[in-house]
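Some structures to go through are shown next.
Two complexes come next, and they have one chain in common, subunit A, joined by subunit B in the first and subunit C in the second.
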Partner chain A sequence: MVRLIPFEFRKHFMKISIIAAVLLFSALNVVKIYSVHEGNSLLSKHVTGPLWKGLYWKMYKDFGGTITDEKIGKLMAIYRPLEQQTADLTASTTHDNPNTYTGNVYEDFHFFRWCFVNPMKYAYDYKAYAQRVVNAAKDNIAFYDAMDNPYEARKNAAVAELFQGRAITSFSYTEMYQYYVQYDFSALLALLICLYGLMSVFLSEKETEMDALLLTTKAGGAQTVQAKLIASSLFICSVCFWFWLLDFAAFSVLFGSWDGASSPLYVLEDFIHASLNVSLGQYAVVSALVKTAGILVFGLAFLLLSSLFRNALIPFIVGLSASFGCIYMAEVYMGSGRVLLKLVNPFVLVVNRELFRKAEFVALWGYPLPSYVVALLLSAVWGAVFIGGLTIAVRKNTLRKGGGKRVFVDV
Partner chain B sequence: MSLWMYEMKKMFLLQKGLLFVGLFLVLTLASLAILDKPANPDIERNASTYLFYLNQVQGPYSEKTERFFAAEAAKISNAKVALQKASDDYYDGKMGEKEFLAVSAPLESILEKEKGFKVIYDQFTYIRENPANRYFLYTNGWEGLLANDDLDFFWLLLLLLLVAPVFGFEFESKMDALLLTVKKGTGPHTVCKIVLVLLTVAVLCLLTAGLRYGFYRFKYGLENGNYPLQSLSYFGTSTKDLTLLEAYLWITAGKLFGSLCFAVLILFVSICLKKYAVTLFLCSAALLLPYYGLRLESSKYFFPGPLGFMVSTGFLRGNESKRNPFKDQMDVVFREVSLTAWSVVFAVTLCLSIGMLIVIGIRRTNVWSARKPVQVRRASRLMLILCLAVSVLSGCTSSGSTGTSDIYNCSSRQSFENERYRFYVDDTDLENIRIVFEDKNSGEKRNFIRNPMPSLTRVENTIYGNGSRVYYMKYDFDKSGFMEKVARFSVIEVDTTTFQEKIVFEKKLSTDKSSVLGLVKVSDHDASFYMAIRSFFRDEHSLYFIGQNEIRRVNRRTGDMRVILRLPAFTNVAFDGRTIYYANEKSQVVKYDTKTGSETVIPDLITRNFVLTDTELLFMNRKDRQKMYALRLSDSSIRKIADQPARG
Partner chain C sequence: MKVTFKDISKQYKGKYALKDFSAELGNGICGLLGTNGAGKTTLINIFVGILRSDKGQVLIDGVDARRLGVDFLSRIGYLPQFPQFYKNFKVMEFLRYVCVLKGIPKEQGEKRAKELLEIVNLSDAADQKIGALSGGMRQRVGIVQAMLNNPDILILDEPTAGLDPQERIRFRNLIAKFSENRMVLLATHIVSDIEFIANQVILLKDGQLLRQDTPQALVGGMEGKVWKVTATDETVDEKLKCLKISNMMRDQNEIHLRVIGDEKPDVHAVNVQPNLEDVFLYYFEEGEQW
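And now, the complex of A and B:
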């Protein structure tokens, strides 16, 4: 069977059309990431003008790295006067003020506020905030124990443990990660390529009527199906990893920084309650793996669909509709507190910031399970259902019995 | 059987085209019937009064209209003051009942129209910005029909299902080569197929457009089609000199052209690549990726291809911009497509479509290819098609219901008491105002909100309680960009025996399109209402939200929202599980039955300040110098409680 896998892979996926689609979609992906940068980054000339980028990196030399009282004092010595000058909105609006960094006092104020003061303040305050969360959770443990609510007590114990010792000690440029974790377009591209690529896995043999002939060969039954499944999984993983790598590389290059990879995930303000104590670099890897798992589930669904029909028309349309249906439901429940409804949708693995941005739990026999574990388990169930359906649906070289007219020899 | 009939039979019966068309029509009608919500729900909620004013100002703006609005605004504010004065005089004994009724009746009829006036006044402020091409009209019908650029996903799927098999079916069954050898198997057959596809697409496109027109005409009415397009705020900045009806016809023509081009693209790709999967993949990607991938909404209109035409409302929109928060400038969010740009895009798309039709014709001749196509040629052909596609792209249940209900008083919305605890808003520390609860036995005070992670959440200082269940509401925020944005509104139920929380109602409030593909849309009107909720209460099936001068009922399951009551400012509201009590403009207390929707005025009870208890309605009697009285609910008897006038 091991020799069958590369054969199946070559047969179904080493096609010019797929390679061309991957290359063209990759180009499109980079263009999209460029547009994300141009439309959102505080250092993009479209958002804030041409001066901020140069000034930022100049100032970053002074303020980047470990947060110290000296750096904070130096920053506030610049920021406080700006705050006072702009507070009553009566300062000059001219753009040629020689005593400013950008030529305008308001722009100076915005620059320091958004680029340095706000993120540094968040980082500095985080340790105290995390400690407050731990204290509140510990208080809750005692409270819920008194209320005879062991599930909530355990949940709060998990929260206390998660937040214990959290602190952000250094200031780094994390804007790249801020938008990288929100980026979904590459997932749509990977999903479309998988939908296309996987259509032919079972259908190509049906179209040429080789499926009946294959059943007569030694490795033509279950072994071929297994080889197809493994080859398909390899294909999905290759496409996904290619796109996730491309995302990471394009974001890093376009945002112009590799900094921040060692900062903790909760350095992103949207991830203030992150459910994992990992660094941004580690999160990029975890997120890529979980996204791939999500696309794998969709891939299995596409394979099952294609095995049910004789040509690609209906399976493709149904697969596309189902994908959009799942995306729609994921959007409906994005940020929802109804955790289980959110997790039952396998697309949540693809948009996995929903799983990691907040510590959420699902009760299982009175014990709190982190939402990402439940999402992975539920997706594994979906995957098993699809594989089960596939094994039932594929043609077998056995005599099917079940009454007069239904008996036929499937060779 | 003629070739035409046979092809039709194949397309609609053998390939189940008729079934797909039927399914498409059913889904389209169902989505229109279920998902369509009025663009401005306030118009529908105040239809009669809004139409009363609209009938007087309908049409272009004039100085007379300006005077009318100024006079009407003054009339309403004077009526408010006069009614208050008349009520005060009457309750102070300075005016007789007959005289009061004679004075108050016309004033009340003026004030009844206040909300409708506010809606049309908003329209007036919009029209006043540019009176030359903005007219007064009823906008919900036309807005529903024209003011969106949503890609019809069902239409896209139907086109793929109908058109892809036209040639693909023969390639799949290897009939294509055989067909080329018969007399009519080449030119006439190909022409027949293409014409049939184009005709089918055209008829279905026009039918869909007609259905939508009919739906909006039936549901809202589409009068005043001769008014300028700019009368709708969606097209407010457009420089196109069109009427609403002309715009609809242009948009329909655009959709027809786009759909025909898309059908030709499907035919072309299916002829060139001869496989279903790659045809469907390329064609769907050619529409979906630029639609969801482009940063600027207007970009898709500047690139040749079917997509821009299939959502052609954008060709008629004007420049739109938003304020840059960092610099003193406006950033373009939609760039108007000029007539020249439109002509170029149209001409290029038309040429591409004709080119594709020519290639289809050439490829369906029976000139035998002398040599086997080498891999390089196949690859280059594929690349050509992919590039073509990419050029288009790169353009690119109430568990706690016990049958009885605790009394709710809006005036005491910040506190509630049950057998074991007292819940209230603790504002002793102004920097940390919070909801707390106090154990009645031990006197111990604790935080009511037990969430240990309070950041990115805002809990409102209002509670509703019913027995052991206490409810609070909160807003969740996300900070995916540099600004914090509200994402969701929730009402949480706390079972105070175990303090287990449960979400009883949720509403997504995020109106930006950034989440994944932006398929779920939230109405700005709804979002602004949820952001302005003052208090709430609930029964078994619904939640009642007290907003600005109104109470709305929201069905917990369907999310359907209706205004059930209009309230004067500074009035109290009470609820006993079935009946809502509130004081109207004349300071009379009115009972509203939530089951039947009927309203009853409690006679001889004049107050603005009252409190409902289980058995009585305590009130400050306006007719007796604000002395405290009680109305027994069982027999409506009134008794005086205190002889001293109440203060505050």
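And now, the complex of A and C:
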């Protein structure tokens, strides 16, 4: 079976049309990331002008790294006067003020406020905030114990354990990660390429009448199906990792740094209640793996569709419609309290920040399971269902053991 | 090697594609002759296990093929009706793939593929993409893939469909070459494919066995049933309406008709030597009107 895998990969995925689609979508992806940077970054000349970027990296040398009282004092020595000067909006609005960093006192104020003061304040305050969460959770544990509600008590214990000892000790450039974790366009592109590539895996055998020939060979039955599954998984993983790598590289290059990789995930304000105690770099890896798992589940669904039909158009339309249905469902339930409806959709793995940005739990036999674990379990169930469907749907040779249950019924 | 089909029946939506088909085949080329829709492909599909019969058994040397399972599959070489193979594969690459499918060790498969490509005169095309091959070349690749495991039984379903006359003759000669010491089951509706190479012919009609015999015996059975009749432009239309005509040839003002029938069609009719095409027409053409 192992010897079949390279042939299956070559047969279905080493096609000019697929390679061209990957290249084209990669270019499109980079352009999209460029537009994200140009349209949002505080250091983009289109958002804040040409001076901020250079000034930021100059100041970053002074304020980046471990947060110390000395650095805070130095920053506030610059910021406080600016705050006072601009408080009543009577300061000079000239753009060639030689006593400013950017030429304008208001711009100086906003520069320091958005680029240094606010993020540093968030980092500085986070430790106390996390401790408050821990204390509240501990109070809740006592309360729910008294109310004889073990599930809520266990849930609060999990929250307390999660937030215990959290602190942000250093200041780093995290703007790149702020947009990187929100970026989903590449996942859509990867999903479309997988849909296009996988749709032919079983269909092409029927279209070329090779299915009959395969069934009359020793390894043309279950072994070929297994080889197809493995080759398809390799294809999905390759496409996904290529796009995740491209995302990370393009974000790092366009934003000018991936400096904050070692900062904790909760350094991003949107992840203040992050359900994982990992660094941003680790999160990038975890998120990529979970996204890949989500696309793998979709891939299995596409393979099942490919095995059911004789014509490529119908399964392609069905696959595309199902994918957009899942995307719509994910949008509808994102951020909602209907956790199970959110988690049952495998697309939640593809846009997985919803799983990691807050500590959310699902009750399972009285025990709180983090929502990302439940989402992974449910997706594994979907995957098993699709594989089960495939084993039923593919044609079998009647001469083989167990063959003949379904041998010639194709929709 | 002896293959026995025992009371095989297969129905599609209440209509018999094969009905109580029984036959016994030995080594050599067996032509499975029938019109389109006669049940040839159904019989082959049941034989190779792609289809399940509603009734009956296929016995290989007295053992049920289902009991042999995968062992039986490793003894057959099969060329389906309209295989296009994989257009993005090169010929040699495709053959390597089939070797893996058939469980042939790498070096042995490589050697065998090269030998077979040499035999079918495709050595120069080994590095060509299958999509770039002509229909005849593709069919030759088809027979090479079927022969890779040196099978005891070679099954060819309409192998000459879509080939030009020259390619058809070349392909027929190849089959004859490969038939040594093995059983070849060749399904076709083109009589010339098997006329001079088959040792046995099975005539299949509406899913039922009509005759099974050697071509010589079948042709011999037609002695006295094939006539040459001469007609004119005035009389030819009437003759076409009431006689079973296998051939018509104009010679200046006369038209020579080759007529098939149990009785002498005309007082001037003369008996001629029958051939397998006449046998085919005798059994399969029923009251066709021109």
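Brief remarks follow.
Throughout what follows, the second predicted complex is superposed on the first by the 398 of 411 C-alpha atoms of A that agree within 3 Å, B and C clash if a C-alpha of one lies under 4 Å from a C-alpha of the other, contacts with A are read in each partner's own complex, and residues count from 1 in each chain.
As a working rule, a residue touches a chain if its C-beta (ideal position, glycine included) is under 8 Å from a C-beta of that chain, and two chains touch if they have at least 3 such contacts.
All values derive from a computational prediction rather than experimental measurement.
Looking at the superposed arrangement, the partner reaching more residues of subunit A, out of subunit B and subunit C, is B. Residue contacts after overlaying the shared chain place A:Lys71 against neither subunit B nor subunit C. In the superposition on chain A, A:Thr216 makes contact with subunit C only, while subunit B stays out of contact range. Of the two partner chains, subunit C is the only one touched by A:Thr224; subunit B is not.
When both complexes are overlaid on chain A, the residue A:Lys53 reaches neither subunit B nor subunit C. Contacts of A:Val31 after superposition: subunit B is touched, whereas subunit C is not reached. By the document's definition of touching, of the two partners only subunit C reaches A:Arg3; subunit B does not. Looking at the shared chain after the overlay, A:Lys121 reaches neither subunit B nor subunit C.
Once the two complexes are overlaid on chain A, the subunit A residues touched by subunit B in the first and by subunit C in the second are 207. On the subunit A side of its complex with subunit C, the touching residues are 3-4, 7, 10-11, 14-15, 204, 207-210, 212-220, 224, 395, 397-401, 403-404, 407-408. Those residues of subunit C whose C-beta lies close enough to touch subunit A in the complex are 45, 48-52, 65-66, 68-70, 72-74, 76, 78-86, 88-89, 93, 96-98, 100-103, 145.
Those residues of subunit B that touch subunit A in the complex are listed here as 153, 157, 160-161, 164-165, 168, 172, 273, 275-278, 280-281, 284-285, 288-289, 292-295, 324-328, 331, 375, 378-379, 382-383, 386-387, 390, 393-394, 396, 446, 450, 452-456, 476, 478-482, 487-488, 490, 492, 497-500, 503, 506, 508, 510, 514-520. By the touch rule above, subunit A contacts subunit B in their complex via residues 16-17, 20-21, 24-25, 27-28, 31-32, 35-36, 38-40, 42, 46-49, 93, 106-107, 110-111, 114, 118, 129, 133-134, 136-137, 140, 143-144, 147-149, 151-152, 156, 159-160, 178, 182, 184-185, 188-189, 192, 195-196, 199-200, 203, 207, 269-270, 272-273, 311-313, 316-317, 320-321, 324, 327-328, 330-332, 334-338, 351, 358-359.
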